[in-house]
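Each of the next two complexes has subunit A plus one more chain, namely subunit B in the first and subunit C in the second.
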Partner chain A sequence: MQELLQSIASGIVVGSLYSLVGVGIVVIYKSTHVFNFAQGGLLMLGGYLAWCFMEQGGMPIWLGLICGLGAAVAIGGLIERFGMRRLVGQPILSLIIVTLALEALIGGSVTLFWGDREYNVFPEFIPPQPVKFLGVVLSLQHMIIFASTICVIILFVLFFSYSKWGLDMRAVAEDHQAAMCMGISTKIVFMMAWMISTVLAYIGGVLLGSVNGVSTTLNHIAGNCFPVVLLGGLESIPGVLIAGLIVGVLEYLSGQYLDPIVGASTREIVPYIILILVLIIRPHGLFGLKRIERI
Partner chain B sequence: MLRLTNVEVMFNKVILVLRGVSLYVPPRSIVAILGANGAGKTTTLNAITGLIKTELGEITEGIIEFEGQALNTWATERIAQIGIAQVMEGRRLFSHLTIEDNLRVGARAKREKGSLKRDLDMIYGYFPTLRRMRSATAGYCSGGEQQMASIGRALMSDPKIMLLDEPSMGLSPILVQEIFRIIDTIHKDKGTSILLVEQNAPSALDVADRGYVMENGRIVLEGTRDELKENEDVKEFYMGLSNIGKKKSYRDVKHYRRRKRWL
Partner chain C sequence: MAFRLLTIKQGGRVMKRRISSRLVLVLVAVGFFFLAVTAPVVLAKEVKLGVFGDVTGPIAFTGQQFYKGYTDYFKWVEKYNPIPGTTIKILMEDTGYDPKRYLPVLKKFVEEDISAGYIMGTMGTMTMEKELRELKIPCVSEGSGYPPAINPPGYVFLLRPLYPDFLATAGIYFMEQWKKAGKTEKPKLIEITWDTPYGRGCIDQGEPWAKAYGYEVLPYQLFSGQPNDLSTQLLKAKNLKADLVYSNHLEGHQAVLLKDAARLDLLDKMQFCGGSECRGAEIIKLAGKATEGAWSVSHFADWTETQNKGIQLCMNLQKEFRGVLDYQTQYVMGVIPAIITAEAIRYAAKTFGPEKVSKETIYQALTTMPEIDMLGITANVKFSPTERRPYKHMNVSKCVNGQWVKEKYQIEVPWLKP
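Presenting the complex of A and B:
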């Protein structure tokens, strides 16, 4: 019983991190229909930026975090301005390939600038103090990860449903030309989407970095985020939250109960098995938008 | 108000689609553009609103003027913000948004920010059906409802001129009548100018003050409503009204191109 609760709790925490990174992918997909494969790279870059300002730049923690945030916003803007905007009007596949190139570029640049040293430890800004709750032990860092994910997701759901910017982004996602005819600047919307997405990646990178330190393998988390995003349905933010939690919990449960039976680590493949099963039954994911077709 | 002078549009730098189109929409008037498929009617509208730029098209010659400003190089969103609202062909609603959200997006190009609720009420006044369907997902609404929502969405920005692209497409004759009646009411109430592109010539000429006939990217005929209605060629090719009651032979139809008087 104790093990079960512990697995579920750890799964929820890890899953919420998947969701946080996934929301970044969803925001871009929702407004531009580009699947951003570079999200993992951006997350790693975010971690490195924060670490660079705080440790290498010797800034106080709060200043380092703010500078990192500013840099993340700028990078998001630059990617859109010089990478994506030039390809507007081209087949969507070429934009997706650009994000793949971006992932490679970011990975390479990080190694180039900061080397591929295994771990660069953050200054401690969240004490790694254990929190006990119902017999489950979690670190304070994990609690903060979970809480910030929930906050971010609630914020974005409200943003997309009620704010006029959110409405613009949803309109642009549906039909670029019609949105332009309504006086919406697609350029601004795209740029906003990329900035939001890099900021989310930055938050994810900082949170993850504060637990494990930053390293060039930080982007591997994205590998688990892709099934999460697809499972959630690509366009739904609450969907990503729920899918993230499902994948996280099942990962830990399989690690706890399936591994001893199989005699090997099943954690890595579980998300994909769930993904395949769900997509067979619901091709548009758990909460994705159905394609509306008139007959 | 809106004036096109010798506008040429080229796609992909090779395909000349408009070959010198000139037309004028006076303030507070309804002007119709008639013509068959591929005549360049939609391209004319897309040239005005700058949408051709997203389709690898460009204006290679001529000027598009709106209230004295040349719009040739303007971005679509900026053109929308100075009071030119286009209702695109095929309705083009944001299909996963509700009808009301669609209308709310329409208000984004409004020049003077006013009460959203009052604007919505105005639209629901013109289209009572939409009030009932306000929270329905737009993509699941019927063709008529979608067309109304599409016109309503353009009207939300309180435009000075509306460009309507085939509002009758895919609708039953009764609905077409209904839509045209509402267009006429809007025009009379608000004094909005309307540039109407239609294949359904009789309906269009019922509401329009003036009309242009396009063929192969050129304007081949223009005139007031009555002139066009009386024109033998318009009657023959667009209204199907000549030789009523007489027996028609395929031989006449075959000679159709040669008999056009404007070529």
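Presenting the complex of A and C:
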């Protein structure tokens, strides 16, 4: 029983991290209809930025985190201004390919600038103390990851539901031209979407980096986030949260109960099996919008 | 005094001049002088070495450190202890630990006519082993996860025993401690390891050996990717009452394992031991106090062994060519293949003549030369026409007060049969 509870708890924590990264992908998709394959790279870059300011720059933790955040915002803006904006009006596939190129560019740049150490470690700002409840033991780091994710997601649900900018972004996602006719600047909306997404990746990078250290493998987490986003429905933030938790828990349960039967690690394929099954039944994901087009 | 006639055509007229033979001699001498100056000097034989550099991709960091150690040692050789009649040229191509990239790089190296190579991992060894046999290019390799490379012996020369021997080293030393403590029941061994050919490298030969050696072997636990939480695997080990947890994975993985073990209060209940990639400064930074008491099995000496000549050499290389002392286990590992290759070239040059140094003579050197003095970094290396493993002695290190220190060195391993 303890194993089951522990698997579920660990799965929820790791799943929440998937959700956090997934929200970044959803934010861009909601506004621009571009599926951002560079989210993993941005997360890795976020981790490196924080580490760079705190360790290499010798800044106090709080200042390093703020500077990293500022850099993340700037990078998001620059990507939109000099990368994506020039491709407005081009086929959506071109934009998606650009995000793939961006992922490779970030990976190469990080290796070039900081790649001489395998793991870069933050000064300890979240102690790995154990937290026990109901026979389950989690670390404080994991609890903070979970709490941060929930807070961020609630914040974004509110942002998209009630704030002017959030509503503008939804309007642009719905119809660029109609939104422009209503006086909404699509340029600002696109830029904001990229900035928000980069900030989310930064938060993910810092949280994940505080557990595993900052390394060039940080972006691997995105591999598990893509099925999460598709499962939740590309445009639904609560959907991504729920899908992340489902995938996280099923990963751990499969590790616990399927691996001994199969004789290999099934964790990495489980999200994709779930994804295929769900997409067969609900092609728009669990919470995605079912599009009806007039012919 | 003799006289000669020179006929000179000038403006259509033919002029004849008498010049002394002394002048001719001077001219000849000057001619010889210019010939001597402009003629190509007798060049030292250039020996080209091909490095299959996994300097990007999943083991990028490891590959980069390997490459630094490898090139620094050859710089040192060229500067302080050159191989007479030869110069070394190192060619490196990025293979990214990607199976698709090794064969094109090998083709390029063949066109460059390399005499020997260096492979940084199991992936490259698996991909190229057959071709290297056909092309007869001797390569030293870190790929201890691919037993077919040594049986039948081919052109891959391993830099350490196979991974099951790492497990055997931990098994032998743990059993020694177990018996010293007066325990009579069978100790329980569990592997918690990475689900890759490298991570699984100990299972097939290591676990049957452990059973025969007196262990109760528990079902191995695997994980994939970069784990964030290994609680489920650890709880399995706890419930099955494991005594020795062995892992063949990287520092980041071992750090998560140890931190989670600390969180689940398991550090005092079982001994954790990793392979050679589980022993570095980074793991201590990542896992902090949870690393205390952990073991690591490896084939080379600890950085803290400052009296060890090989470690002193590595430190000097770093000071001279990098300007800083930077403890990286993979740097030391990169020096090892360089020493073996350099000594094989030296032996080939001495035995067959510098101009005859080639892939054939380096192969002959590697298989027939006497023991290579490794200055204490590893046990001394000796290959033979039938053996591609370098030595039978391995070390166990322990994390004490935030440093990896010698626990027991020179443990003889059985050389488990692939």
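Simple rule for what comes next: the second predicted complex is superposed on the first by the 292 of 295 C-alpha atoms of A that agree within 3 Å, B and C clash if a C-alpha of one lies under 4 Å from a C-alpha of the other, contacts with A are read in each partner's own complex, and residues count from 1 in each chain.
Keep this in mind: a contact is a pair of C-beta atoms (placed from the backbone, for glycine too) under 8 Å apart; a residue touches a chain by one contact, two chains touch by 3 or more.
Everything numeric here is computed off the predicted structure, so don't read it as measured data.
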Touched partner set for A:Val14, first subunit B, second subunit C, both or neither: second
Which superposed partner A:Gln39 touches (first subunit B, second subunit C, both, neither): neither
Subunit B versus subunit C as contact partner of A:Glu3, first or second or both or neither: second
Touched partner set for A:Leu208, first subunit B, second subunit C, both or neither: second
First (subunit B), second (subunit C), both or neither touched by A:Ala171: first
Partner chain(s) touched by A:Leu289 [first = subunit B, second = subunit C, both, neither]: first
Which superposed partner A:Ile184 touches (first subunit B, second subunit C, both, neither): first
Which partner, subunit B or subunit C, touches more subunit A residues: C
In the complex with subunit C, residue positions of subunit A that touch it: 2-3, 6-7, 10, 13-14, 17, 108, 111, 115-119, 121, 124, 128, 130, 137-139, 142, 208, 211-213, 215-218, 220-221, 223-224, 252, 255-256, 259-260, 264-265, 267-268
Subunit B - residues contacting subunit A, complex: 49, 51, 54, 56, 75-78, 80-81, 85-86, 88, 92-97, 101, 104-106, 108-109, 137, 139-140, 143, 153-154, 157
Contact footprint of subunit B on subunit A as seen in their complex: 89, 164, 167-168, 170-171, 174-186, 289, 292, 294
Partner subunit A, residues of subunit C touching it in the complex: 56, 58, 60-62, 64, 195, 219, 221-226, 228-229, 231-233, 235-236, 239, 250-252, 255-256, 259-260, 262-265, 280, 282, 285-286, 288
